[in-house]
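Attaching a single structure in structure tokens format; questions to follow.
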Amino acid sequence: MTRLAIRRLACGPWLSLAAAALLLAVLPALFASSAALNFLGFVMVIALAALGWNLLAGYGGQFSFGHAAFFGMGAYAMALLQVRLGLNPWLALPVAVALGGLTGLATGFLSFRAGLRGSYFALVTLAFAEVFRILANAMAFTGGAAGVLVPLRIGAAQFQFADKATFYWVALGFVIAAMALTRLVERSRFGAQLVAVRENEEAARALGVDTVRVKLKAITLSGAVTAAAGCLYAQKSLYLDANIAFGPWISVEALLAPIIGGLGTVFGPLAGTFLLLGLGEGTKTLLATLTGSAVPGADLVLFGALLILAVAFAPRGIMGVVAGAAARIGGAR
Amino acid sequence: MLKAEILLAALANGLLTGAVYALIALGLTLVYGVLHIINFAHGATLTAAMFAVYVAHQTFGIDPYLAIPLLAPLFFGLGYSLQRWVIGPASHGDDGNILLVTLGLSIVIENALLAVFRSDTRSIEVPYGFEVVELGPLILSLPKVIAFAGAFAVAGLLWLVIARSDIGKAIRAVAKEKTGAALCGIPVGHVYAVTFGIGAACLAVAACLLMPTFLVNPRIGNAFVLVAFTIVVLGGMGSIGGALAGGLIIGVVESLSGLYLGESLGQIGIFLIFLVVLLFRPTGLFGARA
Amino acid sequence: MSAPILECRGVTMRFGGLVAIDGADLAVETGEITGLIGPNGAGKTTLFTVISGFQRPSAGRVLFEGTDVTALPAHRRAAAGIARTFQIVQPFAGLDVRENITVGAYLRHAARTEALAHAEAVAERVGLGPMLDRPAAALTIAGRKRLELARALATEPRLLLLDEVLAGLNPSEIRDMIPVIRRIRDEGVTILIVEHVMQAVMQLCDRVHVLAQGRMIAAGRPAEIAADPGVIEAYLGHGAAARMRAHGVAPSEAAVPAAAGGADA
């Protein structure tokens, strides 16, 4: 193989990412309605949270059921740093993201030190998220059950965008950055070691992998990325309460999207979020027109069923199905 | 300083609630002990059972206690079928998958109930709802005392089944050595499903015992599920006696932390226990199983 | 002669009441292939887990290149230069052969391109070159054993612990593997090998240690070991050596096939 061919192959993983970024950037031109732009912005927020979850679970095999802890930490830090300390949101953002990473490191330190794996790890993360939810709901500093309002101050300097398309582009920037980070991880020593931990911890240790350290690194990154999603959420809705920011819904969506999209892939979380939220909106609208009123929970019934079906029939998610189809077409030629 | 009587009343109430918690945790610990998996749909199944009690009462006028012989077999069948034809096949025998499949089930059940019953909180009225039993200085709610006794009766029955019956023997064999049991001709898939069914039946009984004094809404299971996990972890995964003791402890802790910390912070005591036990003593207070 | 690369001094490993290893001493000379043999359940694999740092011994010390590594966790020992294979193969089942080996290569090559290149070179050395893109799960037993070897080798160890890499292979596959192992030694890697296939032990090893019921009962050149009455008794039971002598069978002839038969057990 020539040098050039090798280099071209090495660029492939980045080219696909750039192509996806371009494609996504023109979406607002095609779907310009306010509802559509709102939907797209929300997809980006959830996709970012899902990308964070995917780093830890998709690559590292550590299934968290409590990523709301990181999402909420990011969201609350973003809001409270502005409201209580008067910080500019662009300054609050890195602090909030760092706090999310620290929360990840702390929960990871406690769990992985105790040797928790599998179901135990899932349960502990869930419990951490619940503790945060109860605390945020009870403390005066966080606004208690009433929640926090971020004062309306529209302007790019305040990280508030009157134009929904602009918010979408900003959020898309975060998503693409997180996907690039994922790609970097995938192609690094750390990524290879992380995947080794997922596949077989004993064997990884025999090859010199410090498994606890690798897992801690992953959960820190994961917490930071998901916290960034929380920050975006805070700036999008300008209102938070404990059940929103630390609620089980976000833990569930952050894990559903990558599982349905394709665990441990760069595009899986985003693809899964589009499918999931798209189907959710579709079902809600369909049922509302059929029955004449909204049917609460219908979209979530579908999500739960999709989760079971994905585990049963498509363990590699949409990306796996796509890859399988591509291979079949390629093979048929 | 709180008066001794209030403290005593809180203790007694904690024990009464704790017994029902224990009953809820029994099914979970049994499934864990045999299948070595955590059934995440446990809370949602309890919610479904509570709605079943509600419907039986509102639509057919069946008293919650009289509903036990109807709902226990019904939920046994439901649990059996779910394990046999949904959870088992969908998870391809992988523990991580089981966790995800049961999570999916819990989402489906909870939200299907939400779609049907909406998010309103409901309760049923029974003539004996406010009857009390006087025990020395304590005044206890009759339905709660019945629930307490019922929980112990079920635990005893369960212990008898596991210790004495043929299916109990098969369950113990599968719990200990799955491959060996399969080689001896024990139908492992069937035993798994039976265990799951027993767990669900326990929930049905718990629901019948709870409804005279409790509220139900589609999300109520969430409140119970982490409590049940805490009990199971505290009592040592897979231990029936441990679940009973754990349930009583958690009931008391919840009641006391509610008393001292107030309603909104009260639940935190349970989660903290859960975290501390899992992080620092994962074998539980009584169990030896890792 | 230089100092031994590995020394175990009085290593004891208890599991509850069971004493799996009982005060075992072992020295592995630099540049040699040392065999560790013994009947099933003798404690060979357990000794490997102690040497590689997966378990702390109940008593005793492990010295690698003269320094005490008893307290060092497994990944640090790999970094220090001790690599092991697993008797029950532990492939990263979801990855392909190249990715499997690259995890090992990353230990000493931080850059992706270098790690990949090193992994490919190692694959060639153990004869996995044509299978680099195969999923690990699709390999045959022989392929998986080679993968174990390749991954360990990719960490560029100075001491390689091989736990029954020939078990489950057919005679022609064994014949193919023997030169591979010998070449690894010739390239400067000291090897400690647990093996039931006596023919291979005889051909490969410079020195053999015998473990029986947790105790080291003999050590010496392969031919000496094969003739040792104590060793024959350990494999075949009490009085076996005397019975053989009575029947005029030379112990070295008898021990070889009998012990080799142990591999099937």
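Labels A, B and C are assigned to the chains in the order they are written; within every chain, residues are numbered from 1.
Everything that follows uses one rule, which is that a residue touches a chain if its C-beta (ideal position, glycine included) is under 8 Å from a C-beta of that chain, and two chains touch if they have at least 3 such contacts.
Source: prediction; values computed, not measured.
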Next on the checklist: Please classify the inter-chain touch graph. Allowed labels: line, ring, star, complete, other.
Outcome noted: line
Item to check | Dominant chain pairing [most C-beta pairs in contact] | outcome: A-B
Item to check | Approximate Å spacing (C-alpha centroids) for the pair chain B, chain C | outcome: 50
Checklist outcome for this item: dist(centroid_CA(chain A), centroid_CA(chain B)) in Å evaluates to 32
Item to check | For chain A paired with chain C, centre-to-centre distance based on mean C-alpha positions, whole Å | outcome: 45
Item to check | Touching residues (chain side chain C, partner chain A) in the complex | outcome: 52, 54, 73-76, 78-79, 83-84, 86, 90-95, 99, 102-104, 106-107, 110, 112, 115, 151-152, 154-155
Checklist outcome for this item: The answer for chain A against chain B in the complex is residues 61, 63, 65, 110-111, 113-116, 118-120, 122-124, 126-128, 130-131, 134-135, 137-138, 145, 248, 252, 259, 295-298, 300-301, 303-309, 311-312, 315
Checklist outcome for this item: Note: in the complex, chain B contacts chain A through residues 37-38, 86, 89-92, 95-97, 99-101, 103-115, 118-119, 218, 222, 226, 229, 233, 264-265, 267-268, 271-272, 274-275, 278-280, 282
Next on the checklist: Give the list of chain A residues in touch with chain C in this complex.
Outcome noted: 187-189, 192-193, 195-196, 198-200, 202-211
